[in-house]
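One chain, chain A, appears in both complexes that follow, with chain B as partner in the first and chain C in the second.
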Partner chain A sequence: MTEVRISHLTKSFGAGPVVDALSLTIGHGEFVSLLGPSGCGKTTTLRMIAGFEDADSGVIAFDGSDVSRVPAEKRDIGMVFQNYALFPHMTVAQNLAFGLEMRKIPAAEIRTRIARVLDMVQLGTMTERYPSQLSGGQQQRVALARAIVIEPRILLLDEPLANLDAKLREEMRVFIRDIQRRVGITTVYVTHDQAEALSMSDRVVVMFGGRIAQTGAPADIYDRPATRQVAGFVGQVNVIEGVVETASGEGGHVRLPFGTIEAPRIGAATPGARVALALRPEAVSLVPPAGAGWQGRVVSRHYGGNLVDYRVAMADGTVIHAQTFPTTQFEPGAEVGVHADAARLWPLGD
Partner chain B sequence: MATGKRRSATLLLIAPAALVLLVFLVIPYVNIVIMSFRPPGEGAPYGVGFTLANYRKFFSDSFYMLQVLNTLWIGFVVTLSCLLIGFPVAWQLARGESRLRPLYYSIVLAPLLVGIVIRSYGWTVLLGNNGVINRTLMGWGVTDGPLPLMYNGLGICIALTHVLLPFMVLPIMSAIQGIDPSLEAAARSLGASRAVAFRRVLLPLARPGIQTGSILVFVLAISAYVTPALIGGLRVKTMAVTVVDALIDTFQWPFGSALALVLSVVGATCVIVFARLTRMRWKVA
Partner chain C sequence: MLSRLFTGYCLIVYAFLLAPIFVVVAASFNAGNFLTFPPQGLSLRWYVVFFENEVFMRAIRTSLWVAALTACISTVIGTAAAIYAVRHAGRMKDTVRVAMLAPLLLPEVLTAIALLFFFYAVGMGTRTMAGMVIGHVVITLPFVFMNVVASLESFDPALDLAARSLGAGRYARFRRIMLPLIKPGVIGGALFAFIISFDTFTISFLLKGIGTSTLPIQLFDYLRTNFTPEAAAVSSVSIAMTIAVVVVIEKVLGLRIHRF
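Up next is the complex of A and B:
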């Protein structure tokens, strides 16, 4: 197992920096996701860890030794590429043997290690197939097997599930995480898919514009986003602005454009201060209009199977996004009572 | 029923090309084959009856055998030098990031834009005993007399390499463009140096382009007429030049036909053997 320490890593292509003074430590055996929109620098960061790009400045260290000037082939990493990058002229077995041959492993051991890893990815019978004879999901598993069969210090995955269909993608999330746990390898996973990052990672690093916006456990990122940008990128969110009326400890009474609410956490705000509160759609429930809560009118409804998506116009015109279980449903145009779970309100920084 | 319809549509689509091939290639070829078994004629292309004399004449005279070997050797040298010179160029064109790439591309294509006679004449200006290269070398005192650059195999190889280079560069370039750049990254992440990644991954994947380019250049080199005729002069003759000599100069149509057929068979055999040796077992998805 290996600890990766990145400090003040910077890289520019022409105009502005793509990665801007990024510092991050990834612990032994930890699974860390770099999450962000395209162009946020996550893939460039990964390629610098792999050694495919040289940093303009900053240091990358594996277990305390600086590898910034070590070429990719000497870094002892395993990498899974978005398009799998399997060698089309080699069979599955030859693809897997490649890295072991580079390490001068004896032929007999190569055979046993390939058999063991293929067993792990449930492709034991596919050794003599060429990549073009495999399905996308099978190619993906071969790519993963090829990366871990060399028993690298670090596993790097660059959007590995982006080319799979939705169902397979969810299966592979569990599969990859399971194998990573069994092998116990330090892993960096690049994705723009927040569901992947949240479901697989020990820790999520949200990046915007080459900088880290927030680092934390998946629940931290989702329930306690640091900024509007993070809140908006990781899942769906209502951002409601209000004015603090009374504050007591962590919480306080906040006046919103369409009502008031007693929130247990409003940040360290004094009466009269403006606050922005994040409210996840699933923390909003709709009740018949006679019930408690704010009053609103359903603007639209989208049925999603396990959840129903509503847009509700409040008295002042603010539109609140709500997701509820489909047990009770409201027609578009219906008057409803809107109830927010105050415990799920979270104050956002800028 | 449906497949029958599809089959007739297929036939209809290939009919024009098939007709052109039949009229302008197959029929003349059959004519050449028949003519090669005719005795020479007086005042006519060939006489009456059939004979093996033309082939007997070819195989009994080592002069012609040597000429075949010489032609194949020129084809081999030209193919190899086009490959060695063309591969880096193709690589640069396929993978280079220079903004001048369109310019490089047009430089590669440039030889095809100049008529073959003019191009070959240009080489005689450069390579001749009184040509630019020899005069410069003698002017600098590097050599006392002119170097033999023309009227020999060397001159033919130099000129043919220049003429045929695009036929090597273009197929290799398109093969390299089809190789996913992340394959090299994958090889290096697995511990292969750049050189090993090139040898084990990129070169095998560029092989279809190398194969196509080599066959094109080889076939065009052994059948080239204008360039060997102008550069080789009277002293060095390739098979194509000898065939034309027999047909035009000495008016031996049946013997010329036999020579042309031998050249075709030898050339085709070389290509088939080469294609067999470099055959690929895998296919790209």
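Up next is the complex of A and C:
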């Protein structure tokens, strides 16, 4: 297992920096996702860790030794590419043997190691197939096997599930994470899919514009987003703005354009100041209209099977997004009471 | 209806292309003394005359040697140039491409005269076969280059990165990953170079050394004073050799790489 320490990593292509003074430490055996929209610098960061791109400045160290000037072929990394990049003229076994042959491993050991890894990815019977004879999911598993059979120090995955259909993608999330735990390898996973990042990672690094916006465990990122941008990118969110009327402890009483709420946390805001609160749609529930509390009118309803999606227009025109279980449903146009789970409110920075 | 029309059209085009070859081959089996079509009687006598003609035999050997040398040199240089143009030239890519294809734009006779002046200017002259081989390399290079560029365009750069991540150095990546995948283009280019060199007349005519006539030149020389079916026999053998080279290389090296 290897610890990766990145400090002040910067890379520019022409115009502005793509990766801007990025610092990050990835612990032994940790699974870290770099999550962000396209162009946020996540792939460039991964390519610099792999050694495919040289950094303009900054240091990448594996277990304390600087590898910034070490070429990719000497860094001892395993990489899984978005399009798998399997060698089309080689069988599955030959694809897996390639990295071992480069390391001058004896033929007998190559055979046993290939057999063991193919077993792990459940492709033991496919050794003599060519990549073009495999399904997308199978190719994906061969790519993973080829990367781990060399027992690299670090496993890098670049949007490996982007080309698979939805159902297979969910299976592969569990599969990849399971293999990563069994091998115990330090892993960096690049994705723009927040569901992948949240479900697979020990830690998620959210990036915008070449900088880290927030780092934390999946639940931290989701429930306690640092900024509006993070809250908006990781899942869906209502950002409601109001004025703090009174503060008590960490929380306070907040006046909103369509009502009031007792927020358990208001961040650094003081009475009289404006505050922006994140409220996840699943923390909003709809009830038959009552005299007290927030009132609204259902604008639209989208049935999603396990959840129903509502847009509710409040008295002042603010639209609140709510996701509820389909047990009780409201028709568009219906007057409803809107109830927010105050414990799930989180103050956002800028 | 349309597809039948199209099939008919294709047949006409093929007939147009292949009819001269058919006439030449048929005329070579002529039993008479003059090159005529249809042949007067069937006989292999002109083949016997041809194979016993020491001058023609030497010309065939020269042609094969020059074509083989040209194909080797042209393939190495053309492949290297194609890899540079596609993978490393960056913004210079189009400039490199135009420069490499320049010999196609010039009339062959101009290229030949320019080379002739050059060889004498540097004191090399045309005493040996070298000048002619260089000339053939110049005119065949664009064909190798275009063929290899075409197969490199479909080479996924991620494969090279994957090989790097697996610990492969520059040479191993070329030898084990890129070369097998661009092989159809390289072999196709080599075949073009061989055939064009074997058939070309203008360049050889101006740059040939003393006693290094190639088959087309010898044939031209022959036809100036003779008009026997031996000329048709020479042409037929030349056509057969070209086809043989294509078939043998296809069988031995394989023009296809993937099983599917």
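Basically, the second predicted complex is superposed on the first by the 348 of 350 C-alpha atoms of A that agree within 3 Å, B and C clash if a C-alpha of one lies under 4 Å from a C-alpha of the other, contacts with A are read in each partner's own complex, and residues count from 1 in each chain.
We adopt the following convention: a contact is a pair of C-beta atoms (placed from the backbone, for glycine too) under 8 Å apart; a residue touches a chain by one contact, two chains touch by 3 or more.
Note that the structure is a prediction, hence the values are computed from the model and not measured.
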Superposed partners chain B and chain C on chain A - clash or fit: clash
Which superposed partner A:Pro106 touches (first chain B, second chain C, both, neither): neither
Partner chain in contact with A:Glu73 - chain B first, chain C second, else both or neither: both
Partner chain in contact with A:Gly14 - chain B first, chain C second, else both or neither: neither
Chain A residues contacted in one complex by chain B, in the other by chain C: 50-52, 71-74, 76-79, 81, 83, 85-89, 98-99, 102-103, 130, 132, 146-147, 150, 156
Touching residues on chain B, where the partner in the complex is chain A: 180, 182-183, 185-193, 196, 200-201, 204-205, 280, 282-285
Residues of chain C touching chain A in the complex: 156, 158-159, 161-169, 172, 176-177, 180-181, 257-260
Interfacial residue positions of chain A with respect to chain B in the complex: 50-52, 71-74, 76-79, 81-83, 85-90, 98-99, 102-103, 130-132, 146-147, 150, 156
Residues on chain A engaged by chain C in the complex (per definition of touch): 50-52, 71-74, 76-79, 81, 83, 85-89, 98-99, 102-103, 130, 132-133, 146-147, 150, 156
